[in-house]
Amino acid sequence: MLKKVDIRFIKKPDELKLKNPILIEGLPGIGHVGKLVADHLVKELNAQLVVRIHSHYFPPQVIVLENGTVRLPVNEVYAWKSNGAAPDLLILVGDFQSISSEGHFELANAYLEIAKLFEVKRIYTLGGYGVGRFVEEPYVIGAANKYELVEEMKKYGIRFEPGEPGGGIIGAAGLLLGMSMLEGIEAVCLMGVTSGYMVDPKSAKAVLDVLTKILNLEVSKEALEQRAKEMEKIISQIKEMHEITMQQWRSDEDLRYFR
Amino acid sequence: MLKKVDIRFIKKPDELKLKNPILIEGLPGIGHVGKLVADHLVKELNAQLVVRIHSHYFPPQVIVLENGTVRLPVNEVYAWKSNGAAPDLLILVGDFQSISSEGHFELANAYLEIAKLFEVKRIYTLGGYGVGRFVEEPYVIGAANKYELVEEMKKYGIRFEPGEPGGGIIGAAGLLLGMSMLEGIEAVCLMGVTSGYMVDPKSAKAVLDVLTKILNLEVSKEALEQRAKEMEKIISQIKEMHEITMQQWRSDEDLRYFR
Amino acid sequence: MLKKVDIRFIKKPDELKLKNPILIEGLPGIGHVGKLVADHLVKELNAQLVVRIHSHYFPPQVIVLENGTVRLPVNEVYAWKSNGAAPDLLILVGDFQSISSEGHFELANAYLEIAKLFEVKRIYTLGGYGVGRFVEEPYVIGAANKYELVEEMKKYGIRFEPGEPGGGIIGAAGLLLGMSMLEGIEAVCLMGVTSGYMVDPKSAKAVLDVLTKILNLEVSKEALEQRAKEMEKIISQIKEMHEITMQQWRSDEDLRYFR
Amino acid sequence: MLKKVDIRFIKKPDELKLKNPILIEGLPGIGHVGKLVADHLVKELNAQLVVRIHSHYFPPQVIVLENGTVRLPVNEVYAWKSNGAAPDLLILVGDFQSISSEGHFELANAYLEIAKLFEVKRIYTLGGYGVGRFVEEPYVIGAANKYELVEEMKKYGIRFEPGEPGGGIIGAAGLLLGMSMLEGIEAVCLMGVTSGYMVDPKSAKAVLDVLTKILNLEVSKEALEQRAKEMEKIISQIKEMHEITMQQWRSDEDLRYFR
């Protein structure tokens, strides 16, 4: 029997003995920026699966894998025990966010219940900030659930633009910020500026850079850099084609005067 | 854990010792007329926050503030203790109404539960009445949940047009009227006539004028008048541009006969 | 506190002492055929209000009445105690049907709970059957929840066309038929054939004729006949205008050959 | 009172004494491939009705039958006791799948509860795989909820194309696969490749061929073959008409050069 929000622990909090873990959320969203960063961290840190969340709020389907087997849409929490300067981490990743409006709240409630069980005191939610044009040098804008955090984040070069994003921060990245306030948990949202047109590993790289600096975390960034380079090639091809089309169109326009 | 409709009291009814308070509702709606009036009252009366309502029926997002912090969408009740001829007031304001149809009923239930805790005997709901054209001299039309109130309100110049609004009164302004009947609470809806095209502080001013007269309430109206003047400038510019476009179009039409 | 489906009894079943009452349902639907018939019966029989049903599944609004007061959307059950050959009646009328798919089931459950409290053994649901063209002589097609009823209804001239309506019978008129089967209650749906373009009192008159014959019920039909005549005038005007437009269009077509 | 998911047993599991029954699901979907196969099996095996499922998640209507009676939308489970080499079968068929996203999960929960009561250890879900063009020789692609099953199924000529269907498997056919994993039940989805434009008995025949081979089941296929032949005639007519239209269009194009 699958519950509306169905939380299954692979490891219990007391088995893991994490010390003041920090929760990082990176679910699908604009430019898949948050997802790229969080998936990268899980892989590079070889983090350990601790919670699986299925839900009636995910699309009613299974995903077919390369080997012909399937899996239910899932959100997962991975744990990483630090042996250095960085804090212990919990990383929330997954296939989907809720497809209904109310489901977003139910799922955010679930994520926070898990965070509380692990005694999380701070959350970083990751996302993209779509600006509707290609961005040469992506940067990271922030939002936080208390002003002291805004001040702290500015030191890392994170920009806070008054009232931006103007449409608010939608989905898990936003709700975790707002709802964690009611639980006394600090939270920051880090948004990589991105076109919003396509998956953006370059913007994800910018977020990863900032996040690793904040967390004092050493992690290889090569895989993400590689993907960023490939995407840059694709984008420069798109731009080139666009330029050709525009020139063609302009010369057609010119000819009209002679018709 | 955020409940579907999550009511958090900042002050309990017996701490406030309000005497027969009147509830004023001004949530977002047509021309933001009701919201403008209620927000203005909260500010000018320096009313005190007493209840915060969050809900799964609001959009699943946070709002980003000027200083880089965020807040969950909220509806709030403010209290004002009169020291003069006016009655004590509770004022319901907020960011959003429900985004689902059923949520409107759940939230109206919540507002009425709060009203009953404060022993509210009368409610004024505020809104706009969109007429689809710019209105030079906005006036206020009314609707009430018992006929004696219709009679009473007519004395203040409020118009009651048979069966208007023909499409009913939608959302909190309407449901509070209808649902308070079942609780034995009197309620009146005051609707400022407005184009429905844009935020309308002039129409809000008309509602405020009537409401303060009814309530015997002295309050500065300057801020709202100022916004009304600014909006009037914008509208006269729009009208001017429209007139130019229409003339251009007419002369183009004329020319067609010669082609 | 308004419940999702909120049933309020004005009179309890044992106060009314109805004998084997028949339930007639006439809620809004295609051509408002069912509603016209049921409203007509309530008025002409001077039936007595016994149950009010409000619901979160109705539109989130109030309806404004002619005198400036409002009312919540409502479904109502009226009772009529026969003193002649006709059976006692319960008549279900109202402003709206559910606006959500699931709400239809919840409301039908409520109607059947009420029917069972009154020991209803047979239900007639009334509706329109839209055929997409104006119908000179409307007739009544039927559907029933057991075959004996089909046979019985054929005697009254009700037509049963195999598998029609092909799209099923949607809403209360259909669900009451299907769900009453599970409660051991007999039910017939009577559908007046109608264009489906507008309110159709003529089709309603056809349903009323058949229903009064079935029920052995004497009731003035004048008001409905009057409305039917008015509507016929409007329709003949529409047809005339349509004819003129078509002729104009045809002569324009003809002219094209000469251009 | 009809429950949201309303399960009514006609026969209880212990009355039937099925031995390790296999559940076959064939509800409406792409090309009605699964439904055609499952309905065919129920009929040809003369399987016995054991469970009826009604639900608020089905469309709010009744279906009108040929004889003028109606029935509520239903999903049904039929049982067949083997007397030969084939295993005992439970076959899930029905009028509709859920019309809401969440309803798909609730219904899949119900199907699995029933499967567990009957001690089902393996499920075959049947469906169509739409490829957007007419398919001369339909074949069957598969997906399974564990890798051993993929291996096993390949022996029967079922194709497993990496990550296909790319959009996942939606509805009951997919969810039963994913959710049965959590209950320790093996499950395979067999999808007949089909255009996706129309009901496809030929594709259904391909699925039936494979399924009977897997199950060691002897069953007449004539009825389905007959329907497949009729459909092939219709499709060849459609193709012919399409060809004529294309040629006409091409010659019109040619003529343009001369205008």
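To keep things simple, chains are lettered A, B, C and D as they appear, and every chain counts its residues starting from 1.
What we mean here is this: a contact is a pair of C-beta atoms (placed from the backbone, for glycine too) under 8 Å apart; a residue touches a chain by one contact, two chains touch by 3 or more.
Bear in mind that the values here come from a model prediction, so they are computed numbers and not experimental data.
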Checklist outcome for this item: Joint neighbours (subunit A and subunit B) are none
Checklist entry - Looking at CA centres, what chain is most distant from subunit D? => result B
Checklist entry - Between subunit D and subunit A, is it the same set of residue numbers doing the touching on each side, over half shared, or a different set? => result different
Checklist entry - At what distance in angstrom does the C-alpha mean of subunit D lie from that of subunit B? => result 53
Next on the checklist: Distance between subunit C and subunit D based on Cα centroids, please, to the nearest Å.
Outcome noted: 38
Checklist entry - Of all residues in subunit B, which are in touch with two or more distinct other chains? => result none
Next on the checklist: Taking the top-of-page definition of touch, could you list the pairs of chains it picks out?
Outcome noted: A-B, A-D, B-C, C-D
Checklist entry - Taking the complex as given, what residues does subunit A use to touch subunit B? => result 98, 101-102, 104-106, 108-109, 112-113, 142-147, 150, 160, 162-171, 174-175, 177-179, 181-182, 189
Checklist entry - Given the complex with subunit C, which residues does subunit D contribute to the contact? => result 1-2, 4, 54, 56-57, 59-72, 99-100
